[in-house]
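In the two complexes below, subunit A is the common chain; its partner is subunit B in one and subunit C in the other.
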Partner chain A sequence: MNSSILLNLTLRGLTTGAVYALVGMGIVLILQTTNVMNFAQGDTGMFITYLAFFMITTAKVPYSLVLILVIAAGAVIGLLVERFLMRSVRSRSHLSLIMLTLGLSLVFQGLAAFLFNTEPRLFPPLVTGDPVQVGPVVLSRQDIVVLLATLVVFGILYLFLYRTKQGTAARSISQDEYAARVLGIPTPSIYMLVWAIGSALAGLAALLIVPRFSLEPSFMGLIQVKAFSAIVLGGMDSVFGAAVGGLIIGVVENLVAYQFPAIKDSFMLIVVVIVLLVLPQGLFGKRQQRRF
Partner chain B sequence: MFSPEKKRLTANAVLVLLVLVMPLVFWTKPSVIGYLNIAMLYALATQGLNLLMGYGGLVSLGHAAFMAIGGYTAAVLVMTYHVNMFLAILAGVAGAGVFGLVIGFPSLRLSGFYLAVATMALGSSTADVIKRLSITGGDYGLANIPSLRLGPWTLASDASRYYFFVVVLALVFLGVRNFLNSRSGRAVRAVRDSEMTAAAIGINVAAYKLITFVFAACIAGLSGALYAFTISYLHPSNFGLTFSIGLLSMSIIGGLGTIIGPILGALFWVMLPLIIGGKLTYLATVIFGLSIMGSVVFLPKGLSELVTRVQSRLKL
Partner chain C sequence: MLRVDQVVSGYGPIDVLNHVTIHLDEGEIVAVLGANGAGKTTLLRTITGLIRVRKGSVTFGDQLLNGLTPAEIVKKGIAHVPEGRHIFPDLSVEENLVLGAYSLTRSQQKDRLAAMYAMFGILAERRNQAGGTLSGGEQQMLALARGLMSNPRLILLDEPSLGLAPKIIGAVFDTMAKLRESGVSILLVEQNAKRSLELADRAYILVTGQVALEGTARDLSGNETVRKLYLGGTQ
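Here is the complex of A and B:
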């Protein structure tokens, strides 16, 4: 394949990867601070996207407002989930917490299918217009928006985690929850904040990727699997790692899909298992001693 | 009145009788028996998962892949290579067991979230690989699989299969119970509760984890093989992540770490959409989700905890 195709494939892969990164960053943020692996991340986003769909098609709300509303809706859902579901079972085993979020994802899927039925709907893209051509590179406007949005989100997350009091508190909780409480950090409100941010990211990611698929209750399933792969690749303890992992997966997957379309989905999954076995701390995770 | 043993014996006898006359009760509605059969097959696969998660403490988000391996191995052997059906089912079980050994290896190094992601990856890619192979019918699925045959008898009707499955289910459940009460079973539970303690008292942690994985995979493989000859149609997308999560839900709702949990969970899973039926079917998914959350928060042993409570209330 020649270099311009390669470049285009890479860039297109980056936009897909950006969405994996957005979902993955939300998962890692919640995982790191609250120690909950959120299997409902994708379906939270799916449900919010349904709300956005009806805002756009039925209520004719302008896109910019929808974007804000989607983020707000995600934040509210995150707050509610933390306050009324996760808080009461904080001390349970990892397995119980995984099961809880799996239950939550089933609730979202069932609700979406029940309220809005399962037939696939076409979601209008955020921005329309001809693809933009820069030199040999052709990118659709939607892809550019996705890339920019991911960059912005990543920047905001970085500023939040490293430049604000709450972000520092969240990081300290992820290091040692007990010590953080001793130091007077109000852990419950930090948990709520982190859940709000994580779920808002879920909504945003789903809204950005949905024009490429069609809106149906299961459309986030595969994306969530990829996002999990991304955070495994990046090492589960860093938001930065999840972002890079997502981009890598998006690019490699797109290149593989060009040459060997049949193994597109399985290839990355196998890579993930190998990474887990050979390099359990991922690319950017801290090396840990084996604990029992 | 009655002594406790007598009461328990009577209750069990009534239960067995109920199970045996079920096909006669629903004689006019064979579809109900068909659904009961499906529930029993799911219960079988769920028992494997229950063994793995409830007793072994190992998460699997790819359990449906074992069913797929068992089902496809048995079906392809019978249809393409004309192998005796009984041997084909055994081969399906063995194939799933070998696959369980392969998938079990990550569990030696990974735990918790990591194992969940690894099994999820392996499970979804298995379904994907089956979709690409030509011998399995690929994306068209494998249709016209012959109906279950036992030596000279063909189990074509739902009722005949029902009795056969009851026997299989009882045997497997007895086997699992006895395994868990044996030396090996106690070792498996010790590994779940604390790997370090188990290793310190001389339990070979790695070996027992692999044994649990292989055992669980074999049971799921048996379920898959019987499923293939019952439904007569296999499609890889039926065994993807969604169904793995379904099996997980059944085992949680029924009650992890209880022997009867898988039956209760599978019955709940299969029967609820039928009972609420019609346009409300999707509401069943919501109820499943709520039941999972409810059992995690309020009933850690799921539906079987309810059964135990009723039992103690009735002083059975």
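Here is the complex of A and C:
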């Protein structure tokens, strides 16, 4: 493998990893603040992508507007899930909350199959045109959009968590929910906000990756597994860790896939297991998970 | 100012408070004493809406607090400093403080922050340090200051001297005296009955969820039963 191939494989891997990072960041945000492991993250995105598909093909909505509508739809779905599902069962055990989000994931899949059938559909790329070549590097325009979007989202999330009072409140809840309530922080509205942001991220991630696959009810399944690997690798307690974990997984699997395509998906899980044996708290986890 | 009238509350199937009636007038420090499990913390939690009033009423000024959320009650002017301090360990001192004034505007938060830094110099020095790196005494000061950030008229303090060195306990009690002078009323739950009675105007003694004794701090300090049970025998 010469260095130019290596460079291109790495960049291509970074774009895949960016999508894992987007899904993973949403999962960690919800997990840390509301203490719920959201197994429906991927399929929330899948469902929103169907909505986007019909906006584009049937309603001929321009892409830039679709991007905004997808984020809005994600936020609304997140709000509804928190308000009408998670809130009423918040005090239940972890296991039942996990079962609930797994169930939700199946609901989204079933709903998609029922409304739109399971026929795979080709999703047009967000941007068309020839790949961009800079020296030895060749990147598709879609990949560039994915990388830029992930950078922007990471920046926005950082500003939210560290520069707004709602974000600071979300971090405080993840450390000591009781103290947050004692101080008069309206925890239910913070939970709703976090679910809205997390689900919007799910929609965005799915929309960005779907042109590489085909749109069908199960297309986010494997991506969600990778996103979970990413957050475990990153230490489960930081959005930053999830982002870096996602990028690492994307790059490594793309390099492995070049030589050994058959083990592309399983290889990374083995790496994660090994990392966990050596570093139980992941690469960036400061401590053992306090709340999980 | 605060009136708790015939209140019943508790957890799950169990009533911890059984028809508790207490009151607190503007500018007073009122101590609530009692053994572990007597319902002191439950009383504070009920007042600030963390647990539901099952029977009876809690009023603040002329406003009924029953059924309000903790966030709404903080806005009415009651702050609660919980037992065990509950500092956010990974947030900076300043972030901890600002969260105490969640419902205030940014400029109000700035003013309160400046006031707290003036009052607690050590917190100003440590403003960018993570809360979890502070010593026990500093954390207690931070918890107090964080409660005061919302500019409360009444502050509920749950065991503020617990686990602190004697010298620091003195500082905590001095701070409470200062607060009273600045017009903040205090409802104080304490293990340290002797010091509490020295500071407080009045006191209640809770026994298994009921008010067993009440009176001025001076009367209670002189009371034979109180001396035996809470003040470490005859003095």
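Quick note on the criterion: the second predicted complex is superposed on the first by the 288 of 292 C-alpha atoms of A that agree within 3 Å, B and C clash if a C-alpha of one lies under 4 Å from a C-alpha of the other, contacts with A are read in each partner's own complex, and residues count from 1 in each chain.
Here is the rule we use: a residue touches a chain if its C-beta (ideal position, glycine included) is under 8 Å from a C-beta of that chain, and two chains touch if they have at least 3 such contacts.
Please read these numbers as outputs of a predicted model, since none were measured by experiment.
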>> Tell me the contact category for A:Phe228 with respect to subunit B and subunit C: first, second, both or neither.
In response: first
>> Contact-wise, after the overlay, does A:Asp265 reach subunit B, subunit C, both or neither (first, second, both, neither)?
In response: first
> Just subunit B (first), just subunit C (second), both, or neither: which does A:Thr168 touch?
Replying inline: second
> When the two structures are laid over each other on chain A, which of subunit B and subunit C touches more residues of subunit A?
Replying inline: B
>> Once chain A of both complexes is superposed, is A:Ala180 in touch with subunit B (first), subunit C (second), both, or neither?
In response: second
> Should A:Ala113 be classified as contacting the first partner (subunit B), the second (subunit C), both, or neither?
Replying inline: first
>> Contact-wise, after the overlay, does A:Leu100 reach subunit B, subunit C, both or neither (first, second, both, neither)?
In response: first
> Quick one: in the complex, what on subunit A touches subunit B?
Replying inline: 31, 37, 85, 88-89, 92, 94-96, 98-100, 102-111, 113-114, 117-118, 218, 221, 225, 228-229, 232, 236, 262-263, 265-266, 269-270, 272-273, 276-277, 280, 292
>> Taking the touch rule as given, give the residues of subunit C at its contact with subunit A in the complex, in rising order.
In response: 48, 50, 69-75, 79-80, 82, 86-91, 95-96, 98-100, 102-103, 146-147, 150
> For the complex, which residues does subunit B have touching subunit A?
Replying inline: 53, 57, 59, 105-106, 109-110, 112-114, 116-118, 120-122, 124-125, 128-129, 132, 194-196, 199, 241-242, 245, 248-249, 252, 280, 282-293, 296-297, 300
> Which positions of subunit A touch subunit C when the two form their complex?
Replying inline: 165, 168-169, 171-172, 175-176, 178-186, 286
